[in-house]
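Take a look at the structures listed below.
Here come two complexes built around chain A, the first alongside chain B, the second alongside chain C.
What follows is the complex of A and B.
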């Protein structure tokens, strides 16, 4: 690590003087029911005044824990077991609580992942900013309010006088994050730590928030630590980037160097797995052809712990990066049971992925047709405003839009989980829009239209084992009884989705995020549907797991000739997965066309804004 | 599967000795309720006036009452009646409350509003007075104690189930169940209810203790169970007349039995939640 730090080129603010923050050999351990878990295992890094340092890594890499250790906000079960954190030359790893309080906000402040949860819901934002100022400086309430107003102006909130008295629920997510930034910079700290500050925000909002953050730190000479899982974001906004894997910094360099010519195998995998403006599914080369690290091929028994920062249970630690990679081993080892459709199951290779989908010729019959779909909610809120679209058998159609664009409502309308207000839906030429959603469960088409949900954790019944989750549609829709046929079919579906048979007995909380996603996919394909609606299927997954899941979905689609309705906010993912793309805004279609055309030459202003907001890094000749 | 559940239960009990003690106590009570009448040394009803009002001794462990009946035998025999009243009342309100509450939480809308207001009205009465009134109106019988206790408990279960279902009704796995061919009814019964039950089991345990107190309280003021039947509430009521003359054992022992029973069930509650929640397992 020290060697890495030495060869790392210094950042923009490489001026002389001691570093503002120097972390040396930091170890953080958490005590859990399963024993002690070392979340951070010897991290060393340094930061100069005014510099922006990115820390990237996947869930469980220890990046958030490192940040929490710097601010000493680790929860009760976590403690710093070794190493030092020097802030302006003084070791704060063992500072008293009182001393830390004087540092928090005034010298070091933090911006959290979910701004709405980090703000007090029953206090106006102006007061919360004023509280932050008055905690450190003896100013009168009037002065504090005046300064809060100034800060709201600085974070470019429109009508700041009015917003001063607004409550968090009256503001959008992006606005809340601006308020958080205003609070964080209120006392002009020297160091700002932003932990996934834009996760959960729309891509255009992400851009404005990040641009703002970059401007403010540059103008005020603040140092910024940006913790993110998004390599593109780190590349765009950081002077230097550290890559963390399982509690260690594995590589540290300028973004151009790091992403152009990654040296460490993990960085290489990460870079390869990240979708870029030009990558294809086959390029996401983490894939089942890569060699998983041998010690990771066996899953450790999961640990359970509540109250982990950053929403990452220790069970995810160090596993998510590889969970996807057992796919080929899984169906390699299960061949007798996994012979779907006449033994066409074969290990993925780039060649498979590049082969065009079987029946996507223009002559293929229409599988789905939506005619002027409208969905109104109470008080005249129109979620979907007259959408017409069609999908051929075996075709993959992308649905892109920001939050509130109606894409989730539309996917639920098509799945017949909710009723439309007007319009019709034709499936296979027959009207299914006429069947009320509440009766659709007994329709013959129920098994033909299946859905994969956004959050793999949320989409599995916590009281069902993986086996029961996958068996459920077989029992309900195909009327299969418990027995060898059912368990064989469940194992087959599991294997096709890359789930080894020994994981089937586990409950959702005993599975990693990627494994839960596989259970959700296995359940959706169990009844051999003809249309699969994918509602942001990889939004909650790490980038390397996402890569494997996308390849898996693409393979399944080609094997079964499935029609995909792929809903996502991630433009790169949609471009790779779909032949055609529809851009939704405020419930209406603003642009429609062949995916490559929409992304490279968008015609509507909105699509142009969307495309421009996606942070990219220039992928070099990744080994 | 079963052995895993057992292992998990033992693990929880080991980490939480209070639960283990409470569970042992509750188990002992249940055993006593079943076999009690056949192991007691004296007939709990037959009077033996020459031996009236004896203090506790080796012969009469908890002394005798004004008719010479052995207090200890009566205590043990009473366990069955008191537990049975409490258990059936709680089962009744649990079953009704879980179903009504789940439906309100899932369907919402008008049903939810109407049931909600009804529950509010029910809760606006002093509950014990309401139970008194119901027993007095329905007739002085054990069944009516059960019904009255069940009804005054119902609002808590309805509210509880409603809240628990309400936070889960939009979960992904509920939609997934519908995509897998489940109707709304089967989503509520097979998916939501099982997920709500562990949290409700805690409520049941706490409630059992409370229901025993309630039944004893009704008997104490002369409603429900009538005189010769051994019952803790009546025993306290009858013994209260003699307390001024120093015959403390008539009140102290049934009171102690009540207190320990209620304590057992209350302490059991928390441990039960840990045992029943699959997410607590590794």
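What follows is the complex of A and C.
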């Protein structure tokens, strides 16, 4: 593989001696009802002792499957069909179960995504760590417990004596991941494999967990394979990064080289689609070339998607060529889907012709106003502590904060899904806070305030086709009957959200993640709302799909003059999508201001911590 | 400590909140008995020749001439003072009748449940571990068989084979051979009483009597228990923490028992509670086949005789046991799953 030539001996790794792990021409296949699916197709990798290797790629690229093949923890349906995995010189691709058991935990350990689920819910963490130790070393329960305590201290858990007897549900997600790390390093393995270890954690927690992982592996000389979809994370923590696409390693280099001057087209697309500290929506380039399997053309595979699923529908692709190179910072041959900031729209969009661009002058009327909103749950838990905010028509307001900061509660209050304890909400100058949440569905404002939910799968009724999902609010809120008017409207909304008409008859399980997100968006805009509350709308999507969806949302907002309340934990996304941003902490606003200012010159300590925790990579030519 | 206090509070709360349900059951049964055809006064009159006056007299004695609401209030008052009425059939107070017969039913049901659990859980685990294999299909076959053969058929079959043909089992005539002497009554549970008295000869005799009826009942409930164990084990084995345990190289036995089964046991516990309550009330057929002097056959006889008081007492007893069983399952749940006690 030509990319291997680019590897320079990495920082602390010793350049001499045989590699700790050498994967050669690994093939992994899964047997499914539809036949055999090759998830990994000829991966070759090598890793030296103490080195940190990043594997990046999108869902379906085979990065996790590679990790599970190395640890031989593949599902029953998956098997290694070809190639070798040499660990310390011996091939473990064909090792016996007994031999593998002696390696697991003692020589190779794994850290998983979703730490809470990865721990046994009804066993105290101390005993789980002790189990890990006693699986490989003949120590008494007392000794194991003492060592578990030491490990909890090593992973910097506060009050470790107390936590020893805690159950996973009593710990936060970050703490659970620390416990998982403690279990993984309990027997001092030479190789740690971390599979998306911080996905789903807050950005600050992510930083502490990753820093801890980096320190521990450095101090104990462990090699680390970090599998992630987050290029920034890989850039910050890895000596070397390889990019996987559809079961193959397409490029491998040091992070500065890789992200500074990506050579493979897929890497370039990935880099371009990843939000950075300075990127704009327009920068999230989406290429219409080298996209052999358009998203719409194929059935989603249950096990491995065919890699790049972020292709744009034909309609959008056509449009992106029209809008062309405006404001482009094209990365070598890419065509960014450019959306002019000033409200000028594509001439070919019929919707734009009808609707004037929103007036975003300060004089625009207030669309939404929250006055000292307070939400208390019983036992005096204050989720939202006196928040006042306002949103002008056509404005986009970002809401950021860690989990528990009250941003979801606040967005639910504004959607009138729950009742506030105190304070009022004005929409269009009229109080909607006085309407109880359970009666709001019959209010005239229900159709004005619509929501795009976080999980594109769970928020769609699995028994409803895409058409029915989109028609639902039209039937319920506008009282439309089946007929040409309804189907025309549904098709129009679908088209605006980038859903071709032939996809509308499909059910959610027949759609890909990006398509489901589009259905959710089409449903939300079906009633022509004036305020769209977006609750982490792209959190579950791959970066390339996220880029397309963000561009879609931004275009819809400009076309319809929608107000956006954009809730997200991804600070870069909020900065790109929103003119103004509010930072929430413990239910109260700690900072508010123009997005660029908040992110580049945060005033409050909390905002500064948040911003500093975001892992970045340097896009553009390497210095 | 606090964990205990939480459990106690939960239990107490559950107990209190089931009081309305108990009351509803009482009223419902009372009314039902009044609606059912058959006049107890006629039934208990001296004979077919009894005149109108005699029947009226019995009616009056039984309080049946009063309006129904008044009868209900008096009935509730009686229950409040621990008086469940008198069985016209046996001439004994219902309370003492139930007291003497309940241990027989409980002993039978507990033994049957024990046999069922000891059989069903390993079967379910084996089926889950070897999903789709011969064992899995065998377990499915056994379960289907257990469910589709009625208890009185399987009971008679067992009697035929083990008593009539092979002669292993004693006469299916109640809890103890008529010539054997019962142990000094302490708990009413023969096995426990014999053990307390140190009479192992008697213990064996009682156990031999118990085996066939208990087996008959167990056969019927193995199916739901085994199926739920299998399903719960499959879910548990497929979860992330099992993968974690495997990634850490834990021994297979530990993974299956401590990690998978401990998590899978929660739904089994729920089903076991339901199965227990059902068995206790529904084992009337088994009691009849084996001449077992339990509460269910007692209630059936009373029902056929239009004897109100024992039936009402029986229903009240069953409702109370149901509440207690649910409570126990709840408490056990709290112990088995630390997440439950939070809420």
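The definition used in the following text is that the second predicted complex is superposed on the first by the 537 of 623 C-alpha atoms of A that agree within 3 Å, B and C clash if a C-alpha of one lies under 4 Å from a C-alpha of the other, contacts with A are read in each partner's own complex, and residues count from 1 in each chain.
Please note the rule applied: a residue touches a chain if its C-beta (ideal position, glycine included) is under 8 Å from a C-beta of that chain, and two chains touch if they have at least 3 such contacts.
Note that the structure is predicted; figures quoted are calculated from it, not measured.
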Once the shared chain is lined up, is A:103 touching chain B (first), chain C (second), both, or neither of them? second
Which of the two partners, first being chain B and second being chain C, lies in contact with A:121: first, second, both, or neither? second
Contact-wise, after the overlay, does A:175 reach chain B, chain C, both or neither (first, second, both, neither)? neither
Is A:574 touching the first partner chain B, the second partner chain C, both, or neither of them? neither
In the superposed arrangement, does A:112 touch chain B (first), chain C (second), both or neither? second
Touching partner for A:393 - first (chain B), second (chain C), both, neither: neither
On chain A, what residues does chain B touch that chain C touches as well? none
For a test of understanding, state which residues of chain A touch chain C in their complex under the given definition. 71, 73, 100-106, 109-110, 112, 114, 117-123, 131-132, 135-136, 167, 169, 180, 183-184, 186
Touch list for chain C against partner chain A, complex: 239-241, 243-251, 254, 258-259, 262-263, 336-339, 342
Going by the contact rule set out above, which residues of chain B touch chain A in the complex? 171-173, 175-184, 191, 194-195, 278-282
Quick check: in the complex, which residue numbers of chain A touch chain B? 33-34, 301-304, 412, 415, 417, 438, 441-442, 446-447, 449-451, 453-455, 458-463, 472-473, 476-477, 507, 509-510, 520, 523-524
